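The two complexes that follow have chain A in common; it is paired with chain B in the first and with chain C in the second.
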Partner chain A sequence: MPELFGIPITGANIAFFVLALIILLSGVTVLMMDKLMHMAVALGGVFLGVAGIFILLGADFVGIVQIMIYAGAITILMVFALMLTQNGDETRTAQPHPTRTWLTLIFTVVFVGIIVIVLRSVQWPVSQNAIEPFTQPTVNLIAQALYHTYMIPFELVSLLLTAALVGAVLIARKEEE
Partner chain B sequence: MSTSFLSFQTLWSLMGPELVLAIAAFIIMLYELIVTGDAKKAVAPWLSVIASIGALIFAMSRIGTTVTTGVSVAVVDDFGSIFAILLLISTILVLLFAIAMKKRQSLPYEYSYLVLFATVGAMVLATATDLITLYVGLELLSITTYVLVALYRKSPRSSEGGLKYLIMGSIASATILYGMSFLFGISGSTDLSTITVVMQTSFTNFPGLAYLSLALIVVGIGVKISAVPFHLWTADVYEGAPTPVTAYLAVVSKAAVFALLIRLTYMAFGAEVHMWYGVIGWIAVITMIVGNFGALAQKNVKRLLAYSSIGNAGYMLIPFAVSGLVKTTSSFTQGLSSLLFYLFAYAFMTIGAFAIYAVVASHEQSDEVDAFAGLYKRNPWLAGTMALFLLALAGMPLTGGFVGKLMIFIAAFNAGQYWLGVVLFATSVVAFYYYFSILRAMFMTEPKSDSKSMHTPAVMHIVIVLCAVGILWLGIFPTTLSGVLGNLHWFA
Partner chain C sequence: MYSQDFIFILLFVVLGLALPMATLAMIGPLLRPKHPTKEKLKTYESGLDPVGDARVRYNVRYYLFALMFLAFDVETVFLYPWAVEYHNLGLYGFTEMLIFLVLLAIGLVYAWRKKVLEWK
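The block that comes next holds the complex of A and B.
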């Protein structure tokens, strides 16, 4: 099999790098744009790319949910919220000190370098008895995990969402007095 | 992992106190939906206090019991129970503190159940034995406290603090999650006991991944407990938050994340603990030094107490750092006991100091040390108790702060780490100096001519008396708590 930098060139790998590129470019676009509306649309690109990664990993149900909820509902919700509330949607960002920019760059390069070196050097553990790719639909497996194994964290997430919802209303509402 | 069906019976035996708080929180939400007018603003926080007392009694009754079930996401053991008691006592004190401040610095009454949600998250951090459950507990605590910090909406500082805390806290959570993902990658399980078994050999098989995972988790937790060099958000957030929330962050949040640090790192990385204790030791040392010297420069009392809480995080890291070196189980549990004892003392003295600061600062409309000028002549009771709390924080004998520091000191010496003990002692001397600036203002300067006598809300007296009795009791009869701690069977 042909290799490039030690990575075999397969369909899955090409798809991964294309998706990764989409996610990274969309992410950078979110940061570079001046208008909030453009940021919201670029964020949709990130969500779509992540959905592609999920599908690539065999988690097709999570991938489709990701498209429906994140790329669909949440992006649209943000666009609506911006259209209903924003008067001038220009954001202004203070230019950080150049020293800080350089320091950030150096630390980021070192951090990413360490992670890449570690991940490339690892022989990942592979299960001895080869797992058949999903004997049942992933929806069943997810339901099993959510409502049996991870019942308690699932219930805790409902507390978390309630607290976040109340908190968002509290912070966003008008002052009573 | 066994997937037995989770009955309510099992859930109740595993997470009873958490359930009490969660159900109470929803009942209070319903109550405020049905009742209108001023009644709910007065009653809702008291309902939270009652629920917390109920949960506290429940948690106390579980000391000595151990429950492990087929549902392996959480256990009941004495480590979780003692942390639950600490968290609940602190929550009750903070709630009373917030009730006392309602005339001065009124918070939206929704805080009464948000605090309960946050405390459920905090208690989950002490009892969960599963990566996903731990992470959800951490987020429940964090997200709720982001809201609590930004609650005081009239103040731009509160919003600024909330935003800073949100950004720093989210990055820290993401870092911890990234670290956890490597643990899952190595072991193929989110269950901590399975991870413990797999990680016995992983430092030789996957050294890079194991250390990367450890580093990411320690950095993320370092941000949450405001250890140096991850402490830069602390002073701004503590200053901006409403003062009862500041006390909550300094005590409940910090203690809960310490519980996470201990259970997660011992279970996942305990096999090679002698390899990494030194890094924690150095973090403890620079945290003590930067926290205490940083406090020297502060004129704002809230920022001073924030830096003091950074320094205290350094003291509390010592027993954790040295426990990797001890040879016997008894000295390991002695280290844990010293940490818990100090946390109890720290809870009383910190909440007490913030309570009196809140009374004085809201009366004088000033956060500066000058607000305390001549407090002794105007209100000797407040001046006397504030002196008690500050001296306890500095480590004066006859207070719980002294006994706690002494126990940490002994734990460091037992492990042969004299240098940590020496730094603890030296930075405590520095601490005396900056606490003394407040004492001098209270006792040795004249009050400003236009100062009126200071009225203290009745509930605040309860908070101050409870904290003062707690701190003196731990100082004079330390064996009542250390005896209990000595007899615990920490882990199931």
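The block that comes next holds the complex of A and C.
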């Protein structure tokens, strides 16, 4: 198998690095953008990339849920919240002192260097036998766990959701008045 | 490998992105004539002149609906595995989901009574 920097070039590895690049680029975009609205949309890119990572790891249901809840609902909620509160686009904060920028750069480089050295020096345990794939699609496994083994927690989730709904209505209505 | 099922979805995503990008950004400019005038570049070419900024403060009702949408979106997530596994769960699973839905319906009734769903 062809290798690049000691990493075998497989479809899964290529997908991982593409997704990691999407996540990192979107994350940096969130920090670099001037307007809050653009930041919120860029955060959607991060959520989508994370969903891809979930699917790549075999947790397909969690990945789809990530797209549905985070990339769909949470991003929309943030955009609505911004449209509600933000009138102008004056979100640019004062530029930090140049010395601070350089110090930040130096400390970041040192920090990343230490992390890389530590990660490279550790002997990571690698499983010798292949990981058994799931016997069923993960959706079925989740369903069996949720509706058989963990029935009471599942019912409590509905209580939690109702409480969240009522709480959201209460708080939002107070804001309205 | 398991994630090979998702290669088709990836293919659809790539095609779905590439097709409009190719037609709108690459082939389109080559084919369409481009003679812009001041009138043509307006937001509504033959309509009203736009007034003010596009970014206005939205009604708080949108936010309330978004919040409620989020709660029921999370509820829907629980419905999917239940629906897939429905035949194996049987009556037991049916009652379970009924309790779940009734409890959430109480939240909906509360929002209804508080006139959150009314659009004035």
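A few points about this structure:
Just so we're on the same page, the second predicted complex is superposed on the first by the 101 of 177 C-alpha atoms of A that agree within 3 Å, B and C clash if a C-alpha of one lies under 4 Å from a C-alpha of the other, contacts with A are read in each partner's own complex, and residues count from 1 in each chain.
We take it that a contact is a pair of C-beta atoms (placed from the backbone, for glycine too) under 8 Å apart; a residue touches a chain by one contact, two chains touch by 3 or more.
Quick caveat: nothing in here was measured; it's all calculated off a predicted structure.
With both structures placed on the common chain, the touch criterion links A:41 to neither chain B nor chain C. Contacts of A:140 after superposition on the shared chain: chain C is touched, whereas chain B is not. Contacts of A:152 after superposition on the shared chain: chain B is touched, whereas chain C is not. By the touch criterion defined above, A:165 lies against chain C but remains apart from chain B after alignment on the C-alpha atoms of chain A.
When chain A is checked against chain B and against chain C, the one touching more of its residues turns out to be C. After overlaying the two complexes on the shared chain, residue contacts for A:68 are found with chain C alone; chain B is out of touch. Using the contact criterion defined above for the overlaid structures, shared-chain residue A:76 touches chain C, although it does not reach chain B.
Of the two partner chains, chain B is the only one that A:121 touches; chain C does not reach it. Residues 144, 148, 151, 157, 159, 162, 164, 166, 168, 175-176 of chain A lie in contact with chain B in one complex and with chain C in the other. Across the complex, chain A is touched by residues 1, 3-6, 11, 14-15, 22, 25-26, 29, 71, 73-74, 108, 110, 113-114, 117-118, 120-121, 124, 128, 130, 132-133, 136-137, 139-140, 143-144, 146-147, 150-151, 153-154, 162, 185-186, 188, 205-206, 208-209, 212 of chain B. Those residues of chain A that touch chain C in the complex are listed here as 11-12, 15, 37, 55-56, 58, 60-61, 65, 68-69, 72-74, 76-77, 80-81, 83-87, 89, 133-134, 137, 139-140, 142-144, 146-148, 151, 154-155, 157-159, 161-162, 164-166, 168-169, 172-173, 175-176. On the chain A side of its complex with chain B, the touching residues are 114-115, 117-118, 121-122, 124-125, 127, 144, 148-153, 156-157, 159-160, 162-164, 166-168, 170-171, 175-176. Across the complex, chain A is touched by residues 1-3, 6-7, 10, 55, 57-58, 60, 62-64, 66-71, 73-78, 80-82, 84-85, 88-89, 92-93, 96-97, 99-101, 103-104, 106-108, 110-111, 114, 116 of chain C.
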